[in-house]
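Below you'll find the structures, each written out as structure tokens.
In what comes next, subunit A is part of two complexes: it sits with subunit B in the first one and with subunit C in the second one.
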Partner chain A sequence: MIRELSYIDVLYLIAATRWTLALTAIAFMGGGIVGLAIALLRVSSLPPLRWLGAIYVHAVQGTPLLAWLFVFFFGLSIFGFTVSPWLAAAAAYSIYAGAFLGEIWRGCLQAIPRTQWEAGASLGLGFTQQLRYIIVPQALRLAIPPTVGFLVQLIKNTSLAAVIGFIELTREGQLTTATTFRPFTVYLIVAAIYFALCFPLTQWSRRLERRLHVAR
Partner chain B sequence: MTYSFQFRDVFAAWEFLLEGLVLTLELSLVTMAVGLIIGLAGAAARVYGAPWLKRIVAVYVETIRNTPLIVQLFLIFFGLPSAGLKFDANTAAMIALSINLGAYSIEIIRAGLEAIPRSQIEAGQSLGLSPVQIYRYVIIFPALRMMFPALSSQFVLLMLATSVVSQISAQDLFHMASIIQSRTFRDFEVYILVAAAYLVLALLFRLAFAGIYHFVFARR
Partner chain C sequence: MSLVELKNVVKRYGTNTVLNGVSLTVEKGEIIAIIGRSGSGKSTMLRCVNGLEPIQGGTVAFDGIVVNDPATDLRKLRQHVGIVFQSFNLFPHLLVEKNITLAPKVVKGVPPAEARALAEAVLRKVGLAEKIDAYPDQLSGGQQQRVAIARSLAMQPQLMLFDEITSALDPELVGEVLKVLEEVAREGMTMMLVTHEIGFARKVANRVVFMHEGKIWEQGPAAETLGKPRTPELETFLSAVLH
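On to the complex of A and B.
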């Protein structure tokens, strides 16, 4: 033991939470861009594009996130890049979040009845116009509750970035454990911070979902 | 790019990979069985139990679902020994994964139970079925059929999540990959190969679940 566990350590853990939030934000943005592309591929009228989207989703959802992190962090250096934990984490999480968000949003797009597309077509709108003015505004309403739900998954999964040395909440917990030898208390605090981040979002997602069901 | 891929060293360590694969499969199957049992019991308690029991189950489900698996794993493996409970890595992994999957299963099965109309249960009663029979044929079986797709994709996600146990040195497939990496320095090759192995496993599990659905649920 190097020193006693004190309230300073708790403050350090709370301070490290910002990196958890920063990584979540980056992953959500990167994943959002990838996810949007995947959702559009999946509802495309050209079969090869649909297959491409499906292959991507199945490949990412069938492999562990940890493998992506390791491939990017350890693997990409062979191409001559020096990969920082930030870059590896941002890339791995964007790929991972893109597959899940793409599937969620595809479901929302497909939940809009076929006749809405046809109504758009009969008004002389093109594919992108139908999407933009008719389908997306309606699908957006459906998409919010599951997207918030996935955000909770994302916050929790940023904890895996600790294994490639990305300093966020879980990594800070490991470091604190190493200096204070109090794993039980430290990890309990870490878990409590995650809970404080995730639980309100879970409840919010549930409330949004209930409101959606009432509206229908 | 001047790098030349060499899978030879990685394939030479196939015995390691096989050993890891066996533990990954063991962990997945045991956890799925235990998780399903926790899910069935917990969901029944959550829906039909006494108010205090409902609250306990709700606290369990919310706590687990709102904290990361890796932190739960660290708490059990590194934290509990200070409270006098000591497990080896593989046992700790199995316990943490089961507790984790149990919470998700409860939430999924509960949604299924709540979707069974009251009139169905009353119809069972008016046919003179005993409470156990009603629970088995009228409630659980249709609920499981309804929730089977959600449950099976949760199980596949769990199988992938077992890779996290490598971080407490449980010797699963992913851990073996790290060992091979540190011996051969073939980082890219070994992790791509392991990712492919997980992909095949995920496909096999999905196929198996589709088969189970076909034989158990679809025919009736």
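On to the complex of A and C.
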């Protein structure tokens, strides 16, 4: 049953965007927590902890996000666990984003010269104090552009959650196309909405970067 | 009891032996100048004293505490042993005041108002009271190094280590840093300084230690040792640096 594309469809698309945003927020928060832990493991002075972090990063970066979504949504139900799409998505995206954010933040921590750690240690500061007062504040400034860059990737990657039943922006676009048969227009609108989400973010990141650079 | 006691210290990086059985004692109030070619192990020896370099043999003791004992709390020890580095290593994201007050506040729990007064006092000592609200990169190299000295002084250490602190400076800035160093020396601070400033060593140090190939090759009272070297190696070194 084919009908005309109307402004109502556009409103539906915009409404579906809230799921894209909600998924992004969950993925970013979950990934942030996991990523922080991974980054700290990776700069630890104990080799086994560093290996643990490295294994995690390589394992996750070497597997598709789609596979993680399937594992949590379909895989666990085979063993009799009923997993809601929200829970499965939250777990899969946290694992995925954690590996990438962890790697980004590790790079930022390691970009701070070793002599800064040494200066802190020489003044009697412990490892966590050096991290908190000396290393992290400097690394934060470096971390903003790549973190926002990854956030933009994340917004776009939330479309994969459609496979476990999420009707977010891209999936809504598919559904709209199916009933109106106007793929070009519909996907142009979908793309425009993604752009409207991502473009301000990159601009904001640039401004923040400049401001932090001036104020240290 | 000597304040610092190194006994047969051995330090290796892989197969490269940097310190090959170094023994040295430093008494309270002494000023020791450590000279030698680059690669002779002088900076490494200095860094062993506050435990920045783990060692492979021998013992390092400060005030009776064995620094290389894994059970020693290095954080506690380092509150009493200050070090100033060749490359200043100020914290670039913090104001001069915060650079100085960070450790007293975080490590010793000094209240903020008291810490600010402490920063003012140590900055006056190094002649930079007006720079308290500047960022490190707004200062010249010589000023940054003086702030680094002030930062170390603020912890009120019993011993201060100076690792070639004028080597990264433009020649015209060396004088202001040496002047501050002399001032610290005059107040009775125990100091170990690795330096290429032979004239300064002669003027300020009680004792000169000449290192060569990872060993203490020769040592003695400053004027005597620098005036009449007993080993050809020191003689060669001195004639090379003095010309």
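The rule is simple: the second predicted complex is superposed on the first by the 201 of 216 C-alpha atoms of A that agree within 3 Å, B and C clash if a C-alpha of one lies under 4 Å from a C-alpha of the other, contacts with A are read in each partner's own complex, and residues count from 1 in each chain.
Heads up, the rule we're going with is that a residue touches a chain if its C-beta (ideal position, glycine included) is under 8 Å from a C-beta of that chain, and two chains touch if they have at least 3 such contacts.
Because the structure is predicted, anything quoted here is derived from the model rather than measured.
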When the two structures are overlaid on chain A, which partner does A:183 contact: first (subunit B), second (subunit C), both, or neither? first
So, A:48: does it touch subunit B (first), subunit C (second), both, or neither? neither
Of subunit B and subunit C, which one contacts the greater number of residues in subunit A? B
Of the two partner chains, subunit B (first) and subunit C (second), which one does A:126 touch, if any: first, second, both, or neither? second
Between subunit B (first) and subunit C (second), which does A:74 come into contact with in this model arrangement: first, second, both, or neither? first
For A:66, using the defined touch cut-off, is the partner it touches subunit B, subunit C, both, or neither? Pick first, second, both or neither. first
So, does A:156 touch the first partner subunit B, the second partner subunit C, both, or neither? first
Quick check for you: in the superposed arrangement, does A:170 touch first (subunit B), second (subunit C), both or neither? first
Common interface residues of subunit A with subunit B and subunit C? none
Flag every residue of subunit C that touches subunit A in the complex, lowest number first. 50, 52, 74-76, 78-79, 81-83, 85, 87, 89-93, 102-103, 106-107, 135, 151-152, 155
Under the stated contact criterion, what part of subunit A meets subunit B in this complex? 59, 61-68, 70-71, 74-80, 152, 156-157, 159-160, 162-163, 170, 173-174, 177, 182-184, 187-188, 190-191, 194-195, 198-199, 202
Complex contact set, residues of subunit B against subunit A: 1, 3, 62-63, 65-72, 74-75, 78-80, 82-83, 156, 160-161, 163-164, 166-167, 174, 177, 181, 187-188, 191-192, 194-195, 198-199, 202-203
Subunit C partner contacts - residues on subunit A that touch it in the complex: 115-116, 118-119, 121-126, 129, 133-134, 137-138, 141, 216
